[in-house]
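For reference, chains read A, B, C, D and E in written order, and residue numbers begin at 1 within each chain.
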Amino acid sequence: MGSKITVTFGSQHIAIPEPVSFVFETENEIITKVDVDVGYVHRGIEQAAVSKFNFNNVQFLLARVCGFCSITHAGAYIHGVEQLLGVETTRRADYLRLIVTELDRMHSHLLANGHVAEVCGYENLFMQVVKYRENATEILEAITGNRVQYDYYQIGGVSRDLSPEHIKMINAKLVELRKNVLKMRDFFETDYTLGLKTRNVGTITYDMAKEYNTAGPIARASGLRMDARNEFDFLPYGEVGYVLQTRTEGDVWARNMVRFDEVINSIDMSLYAVNNLPEGDIKVKVKGKPKGETFIRVEAPRGECFYYIKGNGTKVMERVRVRVPTYSNIPVLRELFVGSLYSDAQPIVLSFDPCLSCTAR
Amino acid sequence: METLIVLSIVLPILAGFMMLFAKNDAVTYILSCLMLPLLSGMGFMIYTADLPIYINTPDIVNTFIIMFDFGLLAYFLWLGYQRKSLLVGLLAVVQFILLIIVVYMAPVSGTANIYVDKLTAMMYLLVGIVGVPIAIFAAKYMDYAEEDKHKFVGIVVGFLGVMNFAVSVNNIEWFFAVFETTTLASVILIGFRGDKEAVDNSTLALWMNQIGGVAILLSLILMIKDMGVYHFTDLLALDKENITMAAIGFLSIAALVKGAQLPFHKWLLGAMVAPTPVSAILHSATMVKIAPFLLLRLSPIIEGTLLSKMLILTTGFVFVVAAIFALTQDNLKKILAYSTISLLGLMMVAAAVGTPTAVAVSIVLIVFHGFAKGFLFVEAGVLEKLYNAKYIKDMNMLLTKAPLTMLFIFFAFLNMTFIPFGTFIGKWLMIEEASGFLSSGSFVLLILLVTTGGVFLSVLYIKVLGVAIKHHRFSTFDFTPMPKTFLFVGVWYYMWLLVITIFIAPFIANFIGEIAAPIAGKAPIYADGLSLVIGKSTLYFWQIAGALVLLLLIHAAPLFVKFKKVDKMHPYNCGEIYTRQAESYDFDFITKYEKRINSFAITLFLLVLILGGQLL
Amino acid sequence: MMAILFTLFAPIIGGFMYGIERVVKARMQSRIGPPLLQPFYDFVKLMEKRPMMVHSFHAFMGIVFFISTWFAMAVLMLGNDLLIAVFFHIISILALTIGAFSVRSSYSIMGAMRELIHLVSYEPVIILVVVAFYLVTGSFDYRMILSADTIPLLKLPLVFIALVGTIPMLLHKSPFDIAEAHQEIIGGPDIEYSGPFYEAVYTGRWIEYVYVFFLVFLFGGSNYFVGGLLVVFTFLLIMAIDNSTARLDYRKMLKFAWFILIPLAIVNIFFLALGGNS
Amino acid sequence: MSMRSKSPWILHYNTGGCNGCDIEILAALGPKYDIERFGMLNRGNPKQSDILLVTGPVTLKCKNVLRRLYLEMPEPKVVVAMGACTHGGGVFRHLYHVENGVNGIVPVDVWIPGCTPRIEAIIDGLIEGVEIWKGKTKEKEYLVGHGDDLLKKIGAIDD
Amino acid sequence: MINPELIMHEVTLGNIKDILMGWYDVDKHHYITINAIDSGETLTIDWIFSEYEVKNIMHIFRVENIEYKSNIPSMMDVYPCAWVSEWDLADMFDLNMENAHRGMFLEPEAPTGPLLKESYSGK
């Protein structure tokens, strides 16, 4: 029967802001074959990090790997360099880093969920989510001076301190955000039409999640208890009330829910951290050049971000290896499409919250 | 006048035999071309004469026809033996026995055996105007890698004569004979190519149609036993209370079988293995049109009975379901076959409703469907032979590669469903008519069935047109100029359809209304100038003209409209240049329900007999 | 005279309705939204664009879509017969989908197929609505309906609900904006039109607004106030539904139309027919 | 002419940036900034767009896509390049897989500075783009390095 | 400052696949990535894993002194998601990776093996 329609989804497509290309072969809108091309954003950052930049500037480059998780890229690198240099940061700096990292997670997760709503044709919900998300970005702007690319981490500490006014403002905004996020979560959880688009769509089973080594909210939505925050002490998560969030359904809906749960948890952690901020300096003096190698795992909003850093005692690093969460989620993403409807492809893609600029670097 | 009637029956048959024996190109061409003015002219003369005409025939003819019957059944029996089909043989034997009973029982009747009224005359005209061009087309068509051209054209032309005979018989016994003759003709034509598939499909057509024959014979037995009559006119003259509904029920079943209604649709679908003119001839003017014709003959009897309601349900159901099935098809001829089945359903719905307007609707549909389907199948044949395109997915860039074929196909498809063409008028009148009888539950369903069936057909045609009009670079065929014969046939149909559509209001109000009036009374359809008035609603001429202009714009102007000063740009494809395949949906999931729908159709069939025929 | 004026100004009225819609939608999304005259600004802008097309046939179909929609409007207003007007609407769908099919773009072709599924979903309901009007007022003539002494809404509540259910399908509003599906197929049948040709399609869509809400208005019968109220109410309701639902799959739309809306209308007609008889 | 300026439709293409700009564009669509006030829509379809909003340093793979999208937009059109990396590559300048900004590919009318630009800057840049757009006519505009061989290379001569 | 416990496993190119096949437990271990380091003369390749819900631990299977043109086995049979990182590495270091599909990230006009030392240092 002649019913084959090849649908290109990307690289330029309204539903995905990033250049990525899926080529679906569909029959009656059911996808029978899929080709993925994730390499559009490859810029050669790994090479630049070891050739064009001094080790104390590389974090600015790495932050531009991805705008969503800029803080975690820079953070992972700086954690590594600090380890190579033997720098012990102050607890206040750690707390500040944690606050900004979690705020970044909040705005990223909220935007991801909003985007899922948008591609489901639920424009209003997207607008509401974006509206509430402004709370988080406003705090970030107040703390770091920028809305997206903060460059907050510095080797040995952070760039700015919090004033009592900041703390008051953060408290007020976070409480409001928490209220709104709970409202939004309730909405995503119970809305009927959105449920039709998200429940039992793109389901990853527990076994599949394990087999394909998924990471981040995608893994946790399938019940896989993995979180770099839980497995790697890069920031004092144990002290601020971190709770691992999982769901078992593994579908688009569960991924949204995990993100909302994590946003709530992040808000709680940030509130705790802001109100129990240890005294001390925000930065320590750093001397020397990095030498040796180290392995760093941090939890980016999309999942585990892995860095391998090797220094050779000169100004320029020997090797910086970046493995980002989307990188490990792409194999399972490709498997999910076959057999699902084309109209569900967008929610599936967006529920992965793919970050291609991370993947391709 | 009697001579003319006999001539229009006998001439084509004679011509057919002459072609068979002459085996000469010139003879075939000249005779088939000659048939066109002859048959249509005679049809017109008969139409304008003082109708109805009764013709009493000598007894010898009756005897001859009964002998012919037995001979035919013996041939079927032999076919059953030869093709090792138990079913065919068994049905032939059953018919043999039943026929003996009928002949034994039949009382002597003085009623004329040939009865020609306006309806019959209209069918003559249809056969002349729509059927003969197909024979002319076939004469050229068979030049393209086919065998036995003369035999084929001869059978086709002869078949037209049989069809003319079928619509003029009054004696139901004779009707059985022509019914079986059309079966024979279709068996020969479907099996014409002689390969295994063709033979299998012709066997299928044979046994399915034989069921209709059995039904007619059973009905005859009941009729003769209970009422003592076996002529249509006698039957109509009876009081309604004296009529055994079972007999009418069996006759309706015969009509449903001949009309290829579900679940007997397979034989018509199987007919597409034959050369395309066969499909054209079966679908347009002849063969399947016997079905609505038979119901139209009976409609005054069944109007308002339970049988009528059951028939409405059954055929209305087929109208919708066949249209839905057609959506899943990819082969152009199959799509057309399904749409024929569907539209036959609508014609029979209208005939079964039996009110004056409904009868008019049925006739309108017979006429326009005949034109459009003949046209479409002819063009399908052109596509097949000239461009080797059997499947709609192959039909890329028809607009530039085969503009005339595209034009014709487009126009014929538009004729099948869009305002202001005849088929649409039929649908519209049907809804209007049904709205007036809403208090009856079957009429509410009727509206729903007519509406949805119509929508599905529209969707089907738009889909097929859309696929055919695709502008894709990777086209598989090159431009070939159309042979003159094909062109003539195309233009012939095109002009007829166009002219009738412009004058559709007087055509329907005067011509069709006049035909329908003797059957069910005068329908409230008038022509006000060129506007069509039915009851309280009016289809103004400016609307007809507007719609026609719009559709002409859509289907013809693209050949002429070329924007010169406009930039051309490739289609948006996310900025990529992948090779793309773009076909259309085939709604594959529908086929999942096919079995269930078929069994439901069988249930409806039995219900027609049991409830409608009051067998209980 | 009113009818002629109404027909002539249908695109403008529709444009205003679209403008109001965009403002209302923005307000519902807690935004300020574009100015009321935004559709006309768009119109002017599109007219000033350099024309560009994939091929002449496709571009021409956009124009025919506009003309035939307008003509359908004229048939509705001047021809007086609702049933015929409904059938005229299919011609515009034909122009749109045939045009969309003719380009080698999978989005366009998918959009056209989805448009046809829309047609299958709403057309039976619309015809049932018209038949229901006939049942109440004894005529297909809208002037008769507008001068009927009853308010059709009171007798046809379920039919009205069915009509409201189909409006999102007709106007491509969420949850049934399947043929347009901006995030999936980027406008579907409209995708390849640009500049003045897109303007024709864009404006054609406005006329559909008038067309649809005129049907709603008829439910008020001779009581124009009720009719007006119904239009406003339905408009806001459609906006609210549009803003509070996600897009569904085409199979779900078909099921919704066939197993909920059509039975609703049928039940109403059935009871009315029974009541009218006894 | 002034009426035209009230309806600029945007086509956004990320040519390999870090997403930061794209996040801000999404935020600009949102309730707080709401660029639809100016009649701007994120159309996502080059054939119906007036402003090409480019972000990112243009990676080698995105280069031809950007060219094709630019070709598919009917005149009058405006290109607004957003963010530092569209200006000659920004932090990615001279990386081996980067084209060093947008200006070598398509003619740019407005530059929006910043990494990431503030939303106010985005809106300002778009408005400035609209001002330039107002002055433009239907006259055909071409790619940088326009020529038949370039068109052939990017596969734009199609259908 | 974090001090993860690095568990180094001694392997060679020849036995890495068999060792991983035996060692890798899908319920326990989590594949992270494959990493290559160019020392200027030879390559070092690490296969890196972590364990679920265990703090600060990493398993590293390191093969040192690999010639540039050696054949590197693919681990797709062990864990099916290996292809992304393997194809990536094959692109970046111009490796002879089993089943690797070239051009996932690099365009034909880009330099081959951009992360090889010779492609960026000193030239």
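We take it that a residue touches a chain if its C-beta (ideal position, glycine included) is under 8 Å from a C-beta of that chain, and two chains touch if they have at least 3 such contacts.
In this text, all values refer to a predicted model and were calculated from it rather than measured experimentally.
K.L.:
From chain B, count the fewest steps through touching chains until chain E is reached.
P.N.:
2
K.L.:
Among the other chains, which touch chain A and chain D together?
P.N.:
Touching chain A as well as chain D, we find B, C, E.
K.L.:
Could you name all chains that are in contact with chain D and with chain E at the same time?
P.N.:
A
K.L.:
Select, from all pairs of chains, the pair with the highest number of C-beta pairs in contact.
P.N.:
B-C
K.L.:
By Cα centroids, which chain is closest to the centre of the whole protein?
P.N.:
Of the chains present, the most centrally placed is C.
K.L.:
Give, as an integer number of Å, the spacing between the C-alpha centres of chain D and chain B.
P.N.:
59
K.L.:
Between chain A and chain C, what's the gap in Å when you average each chain's C-alpha atoms?
P.N.:
Those two chain centres are 43 Å apart.
K.L.:
List the centre-to-centre spacing of chain A and chain B in whole Å, with centres computed as mean CA coordinates.
P.N.:
The answer is 66 Å.
K.L.:
Averaging only over C-alpha atoms, locate the centres of chain C and chain D and give their separation in whole Å.
P.N.:
35
K.L.:
For chain C, give me the residues that contact two or more of the other chains.
P.N.:
Touching at least two other chains: 29-31, 50-52, 54-55, 103-104, 106-107, 109, 182, 186, 191-192, 194.
K.L.:
Give me the residue numbers in chain B that touch at least two other chains, ranges are fine.
P.N.:
In chain B, residues 471-473, 567, 569-576, 580, 582, 584-585 touch at least two other chains, as defined above.
K.L.:
What parts of chain E, by residue number, touch at least two of the other chains?
P.N.:
In chain E, the residues touching two or more other chains are 105-106, 114.
K.L.:
Show me, using the given definition of touch, all chain pairs that touch one another.
P.N.:
A-B, A-C, A-D, A-E, B-C, B-D, C-D, D-E
K.L.:
Please name which positions on chain B make contact with chain C in the complex.
P.N.:
399, 417-419, 424, 428, 431-432, 435, 438-441, 444, 447-448, 451-452, 455-456, 458-459, 462-463, 465-467, 469-473, 536-540, 543, 546-547, 550-551, 553-554, 557-558, 561-563, 565-573, 580, 582, 584-585
K.L.:
Provide the residue numbers of chain A that touch chain D in the complex, in ascending order.
P.N.:
11-14, 17-19, 39-45, 47-48, 52, 60-61, 63-68, 70, 111, 115, 126-128, 130-131, 133-134, 137, 146-149, 355, 357, 360
K.L.:
Quick one: in the complex, what on chain C touches chain D?
P.N.:
22, 26, 29-35, 38, 40-42, 44-45, 48-52, 54-55, 103-104, 182, 186-187, 190-195, 198
K.L.:
Can you tell me which positions in chain E touch chain A when the two form their complex?
P.N.:
1-4, 6, 26-27, 30-33, 35, 37-38, 46, 48, 50-58, 60, 79-81, 83-85, 88, 92, 103-106, 114-115, 119-121
K.L.:
Hey, which residues of chain D end up touching chain A in the complex?
P.N.:
11-27, 29-32, 42-46, 56-57, 59, 61-62, 65, 69, 85, 90-92, 94-98, 115-116, 118-119
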